[in-house]
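Shared chain: chain A. Partners: chain B in the first complex, chain C in the second.
Showing the complex of A and B:
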């Protein structure tokens, strides 16, 4: 579980590669695994800089989305970030 | 077709030096021949640009990449810039030290060694005396170090009858999971040694039948992206499609054989960016002076090569009265250039009708 003063940050060895439009892939050169990111996931990935809490990312995403984010968005973001952590693609920074 | 913002991978000819002079090498008789290799620092600087462009992997070739004394430094630069790598090698310069090092990086996708025969007779005839033993030793060292070894067999006039024994050596004795094949193609040194190396239609027919037979025996463990096996499979599919009454095959009827210019680029040993290692005469700029991203997106020559996929085969005199155009993609642009002088023409090398007119035959389906 993420502590209140810990903010997610990307693993600097992971490659974020924009391909077409706002779609992207994450590439872990050590495992040779790739993961596809849709435009929303890409938006979130770019905010994982050790300065944004998940709540702050959600607020920024809400502003970007016409009509706001769906009700279950917080749950999905938590799951997405947790999945990234489990795959070693991100870590947490103490602030 | 949408274009990626940067190439996914690059082929890097890091040297023109090679301890062998194989008679069908695709280098040493082309615009890729240059006097001096680029200094280490130039490559290391370029790798930083590749990181900025989020390039995922590079393929190191030459010449013989292991002939560079700074090969470890170059590989360290690749690793530090978040990429993986593969290597095309003649296998003769491998030793425990370099393979231990490569293994320790954890970033090697594959190392390809050329083995052209079951023994020295048909390998050394075009690669030089003693090269078979050294290449086989190199291949076995790769396996000893548990590195991802692959093998390419180049088929020519002196080894095409040896394919049973080659398959036995590589798949049974050495224990490779698979190997790939091609035939001596009209590129580089092969252009001047064509009569002694390239297969005629009868020999090509024999090889197609033999490789299809061996592939059945070995459960598809023999591969090919070009050459007799690839052509044979494609031409058989053509015949079967026509027989089934289908009027055209998806994506065919245009110059669409090669999609390389949509995902890859290459760099010559002198640092000149080029579309592909086999198209070294088209210069797209110099590394560390010109932007890779800019060349990728905007260079008119790359655009011209990408536009070839919209050129209908029927627009060429060569194809006009051919019954196979609706099932054909026109072949390799590099071979089209060396054979016709224009990359944006169909390659006679991949032409089924030309093969048939020269007396070629496909094996009967079982």
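Showing the complex of A and C:
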């Protein structure tokens, strides 16, 4: 679980490419791995700037989605961010 | 609607800018045709381009086909990111050593002429350096971690080929280091002559991925793309035709210069065939200057028909080769073809990475025979079918007619202005 004063931030070496259909592709030159991000994941990725907590990202996502986010969205976002962390694609800034 | 007509509709869709016409064209495709169309798009590397049109124009395509197209698009984008990363490093290092470098074909076209580089898939990165810089460039590639996947004889490659074998980075990105643009080692085009000094002297500087690089003049670029299409005998080269279409659409072409260069390169028939195909498949009007200056003898409607068959052919690459070169040649010609393409010193030395001066090459003829037998045996079925099938028999006659016409570079203009 992420601490409240931790703000996820993307690894600056990772290349992010936004596609015309709101999907995106990530490329990690360290591992040579690439990842496809769907529009929601891509939205979250863009908020990983060291200034947004997961709670804040969730609030912004909620505003973007028609009818709000589903109930289990916080769990999914936590898992997604944790997966990014495990793959070395993001780190945390302590504020 | 037959397969050829379906492919022509796809080509029209690819080149169409009008949304209403796009929708009307796509509505002509029925539900049962989509799987065939997907296979066609996949084998011709057109999925990303088609996907972008489908999404941007909301075309009526079955959802399962859209999903598959989307996957191809994402793969193309991911591979492009990897290639960009590697090329950026290569250009940076080449610049440090003052090596002039010219990115060729896919990687250059994707960046310069496509709205989005993922729309132009490519297998490898092709770059051209001056012949004197090859060793220095090779040293840099190796320093960056690129490795050749097979042994090769450097001098043999330099003397007989246009590029070194592919070098692979750790991320499996392949770079082909070209030192010239055309060799006569191939069986198909014999008369083409490319003036490499002119290519370099008429080139200009540009920036690619933030790095200084060199680009060909537009006329040389078009001719090089045309010759590249012809080197592969025009077979299934729709994406490459689309490259030329994009260049012509986006540049002011000096048509007079292009025609005169095509004559210098002895590639005027090739240029004409490419422009004719762009007209037939992508509705690109042939410029008046071309129409007045490039007029050939021969039954042009037959040539045109054969050219279209080659471009839209359904046969696999190897079967195509066999159809094109083996059927309807007499016995002596067949032996010559086998000797020249399959068992020439060139092909044996090239394949096994040995010097053409080494006597060892003679030991490699038997493994070469077994290798080719294994590779082509499954395509013998095509030859068998050809003996039986009237349609394919006609196709092979048509291919040969076209090949003989394009290889015959006697001055055969009706009106050679």
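FYI, the second predicted complex is superposed on the first by the 93 of 95 C-alpha atoms of A that agree within 3 Å, B and C clash if a C-alpha of one lies under 4 Å from a C-alpha of the other, contacts with A are read in each partner's own complex, and residues count from 1 in each chain.
As a working rule, contacts are C-beta pairs under 8 Å (C-beta built on N, C-alpha and C of every residue); 3 or more make two chains touch, one makes a residue touch a chain.
Being a predicted model, the structure only gives us computed values, none of them experimental.
Novice: After the overlay on chain A, what do you see for chain B versus chain C, clash or fit?
Specialist: When both complexes are placed onto chain A, chain B and chain C end up clashing with one another.
Novice: A:15 in the overlay: touching chain B, chain C, both, or neither? Say first, second, both or neither.
Specialist: After superposing on A, A:15 lies in contact with both chain B and chain C.
Novice: Of the partners chain B and chain C, which touch A:23 in the superposed model: first, second, both, neither?
Specialist: The answer is second: A:23 touches chain C but not chain B.
Novice: Just to be sure I read the superposition right, which of the two partners does A:67 touch: chain B = first, chain C = second, or both, or neither?
Specialist: A:67: touches no partner chain.
Novice: In the overlay, answer first, second, both or neither for which of chain B and chain C A:32 touches.
Specialist: Touch partners of A:32: chain B and chain C.
Novice: Which chain A residues come up in both lists, the one for chain B and the one for chain C?
Specialist: Of chain A, residues 15, 17, 19-20, 27, 29, 32, 34 contact chain B in one complex and chain C in the other.
Novice: Which stretch or stretches of chain B touch chain A in the complex?
Specialist: Contact set of chain B toward chain A: 2, 4-6, 8, 54, 56, 79, 82-84, 106-107, 109.
Novice: Can you name the residues of chain A that touch chain B in the complex?
Specialist: 13-20, 27, 29-30, 32, 34
Novice: Hey, which residues of chain C end up touching chain A in the complex?
Specialist: Touching chain A: residues 52, 55-56, 70, 73-74, 77-79, 81-82, 85, 116, 118, 170-172 of chain C.
Novice: Help me check something: in the complex, which residues belonging to chain A touch chain C?
Specialist: Residue list for chain A touching chain C: 15, 17, 19-21, 23, 25, 27, 29, 32, 34, 36.
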